[in-house]
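Shared between the two complexes below is chain A, which has chain B as its partner in the first and chain C in the second.
Moving on, here comes the complex of A and B:
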């Protein structure tokens, strides 16, 4: 999983902003989800690590964190922000 | 404003040169007469009273004198941006021109670091041209002390305004630029203003400065420098951040393009009326300038010279090109040069549009702008 080649991003104080290369779409990802994006963008994503990170950042249990990661990634995939390797 | 770069020739090789990439480009060294005439026509259609000649070193163009004469014949006031290594015939020619229709912005050498020959030549230029010279200085780090330029103003009776620039990065380039470390005060700028005020020299700031480079006290006590004098319909607003998940946000008006101060009040050309002068706030001075290159291509500015370029249009005016560059750049750039810019009250109040766009482009990951020419940067190839 990696950021789509149609997307660029930049870090802001409260999160990450995604931007389509043609400038037609712009989305903000606030923390803690911005941390998840950073994992993927930096090539450090693994399901276990992402769930652990979100569990800590969101102060929730492991199961809930796993569900959050799964749902978030599905949404990002559907929106075209992410692509498979 | 729009500038005409009439030559790629330059012998200074400044490490911070924002034209570095363009000077190294394998293209026309000198602007041919037909392109120059077309460029003057473009300035006329755009309603500009000034022909601003850049380089490289514009005085090295073999037809420099003819080009200045031609611009003056067509009613322009001529401003030459020089690095100071001016050929003697060109210097003698410029010395004879009247101050009301001709001036030189001289990029001041640094006596402590630059070659003695360059410094001495600049002294000769100042001595010969006097009040026709406006000194400019480009600052690369907060450790610099450019106050020597103020001494020169008095010593050679130069124009009593000094132009201060900050060394900007060339997007996709390799020049030596001022590295900003977040929204922090850079004391040298207001120190220069204070020293200048003490001796009756005005300090004017070039593009890409942001209010956060100055202390709150300084901003509050110099409202004329930091506030618009006209209503800005494109003034940026703070972006609202959702508290959970992600959501669309708008990129409200990064650039107050319509606010660019076309000319200083003193720059009205012969027989040509200047557009209404608007006092442009320091924080909103980044927008497409439009620089016309020797071969006739147009770029938004040198810092973005590796991005898009357009051929010089035979019809239409500068605003058409500005719209094109704005439309290409604004949607893809971060709101400001710092990650804190989205929450900045200067931005919210319309006092800042986020600073230099080339700097903003550097924040993109991965780089979303497509360079025109992916070849590595070379050194200057033109003599």
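Moving on, here comes the complex of A and C:
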């Protein structure tokens, strides 16, 4: 998966801000989820690595982190922030 | 009238011979002047407390040299930055490397240890404004452990967002990384230092892949990719006996090939592996001349030449992280004071390790050891008579001025003295004068070998040397 071509983003101190190309939508992703977005945006995503990162950022166990990754990606996909390869 | 207690001490004003002239320098307030012999003699008279019979212009000059410093002295601070060493291993096999690779421990830092340290530091932010959390990634090659670097960056940014600190990240890398790392570096690093030793053939002789192949083309491609991001980009060149006469050509090549901000020249350290490869440290005079000549050329491309111990940044107690309150976390979870491996310290009877990070309780620091390391800065007999003592501050505290080192200047001292004097001359008389100085071996030798620069010892020194 990768960021949708309809979306641009910029890194800011508190996380990442997504903007739709036409400027109609603006959405902030704070930490810890901004770390997950960075993996996808920088082309360094794998399920195992994403879960490991979220486990550290959220200070939770691996299973909980995996669930969080799954749910977040589903929500971003539904919102049109992500598209399949 | 100012209180004399706040004036620069006379022993802290220096006179250095520069060809037929004398460079007066007060490192405490970075005031300098280029004068003739009669003037330096008169100023020395003032420094020795006999100002009554000297001309007013000389008294004015002495007044400026001994004026209260407007530049704050930088004492060792409680915490300047964190250095995270994710791994000591490396994907390259540079012929002069003395960091233990390829035999380096393959240990990768558990990012959770770095996170515990960050959590602890962020909870007690420095009192400086703006409050910043500065993190430097070093190696080995840190991007060999890229997941660790990424995890630490995101955790630190999260901690900063929570505590109102401004994060600042720097990475020192060999530049041989997967191009997919470029967007991450460009988005999240503020400063990147990449080692590049010259044009392709010179670089590839020194800095090789594990299979012996060259690395220049892959690194150059990454530098070009990174040039498109807003990161501050520094190139670091290790200068050897083979490349010392090509320093201006190297600067010219880099400036025409790449867009970058800083070019850092370093003298090769005399390691066993360097000797085996037929490399030796550069001649200090030719190295110093190379720095001074490259500065003019680089400036025309908006590139600043750096030579760490010769930077005129103001009076300081150290020109490296040691004693600056830097916490370095190594891959084993130990907190150390220095980039060098612990063995280099223990061979001098010193211990750089002052604590560790516990996965549960967080950082555990032995203050007594930290104080012992900071005390290394205090006693530098070799530096006592040197005009660079408050700018170079002894250079490397382990390799250059360790406890018990000789009183004689070594080659690093010689290079630092010449570069510092040349830069002061450039500030006073312009780049042409500095370049002319770099063309005069006898003038450079006069600076490099002057045994006592203190103005208070000037009369004695001149008599002794028959000048």
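In the analysis below, the second predicted complex is superposed on the first by the 85 of 85 C-alpha atoms of A that agree within 3 Å, B and C clash if a C-alpha of one lies under 4 Å from a C-alpha of the other, contacts with A are read in each partner's own complex, and residues count from 1 in each chain.
Convention: a residue touches a chain if its C-beta (ideal position, glycine included) is under 8 Å from a C-beta of that chain, and two chains touch if they have at least 3 such contacts.
In this text the structure is predicted, and so the values were computed from the model without any measurement.
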Side-by-side fit of chain B and chain C on chain A, or clash: fit
First, second, both or neither for A:60, with chain B first and chain C second: neither
Partner chain(s) touched by A:41 [first = chain B, second = chain C, both, neither]: both
Following superposition on chain A: angle at chain A, chain B versus chain C, Cα, nearest 10°: 60
Touched partner set for A:77, first chain B, second chain C, both or neither: neither
Chain B versus chain C as contact partner of A:30, first or second or both or neither: both
First (chain B), second (chain C), both or neither touched by A:8: first
Touched partner set for A:19, first chain B, second chain C, both or neither: first
Overlay on shared chain A, then closest C-alpha pair between chain B and chain C (Å): 7
Chain B and chain C contact sites that coincide on chain A, given as residue numbers: 11, 13-15, 30, 41
Residue ranges of chain A in contact with chain C within the complex: 11, 13-15, 30-32, 34-35, 38-39, 41-44, 49, 52-53, 56-57
In the complex, chain C residues that touch chain A: 111-112, 115, 146-147, 150-151, 154-155, 157-158, 160-161, 166-167, 180-181, 183-184, 187-188
Parts of chain B lying in touch with chain A, wherever the complex brings them together: 239, 241-251, 328, 330-332, 334-335, 339-343, 363-368
Residue numbers on chain A that touch chain B, as the complex places them: 8-15, 17-19, 21-30, 33, 41, 72
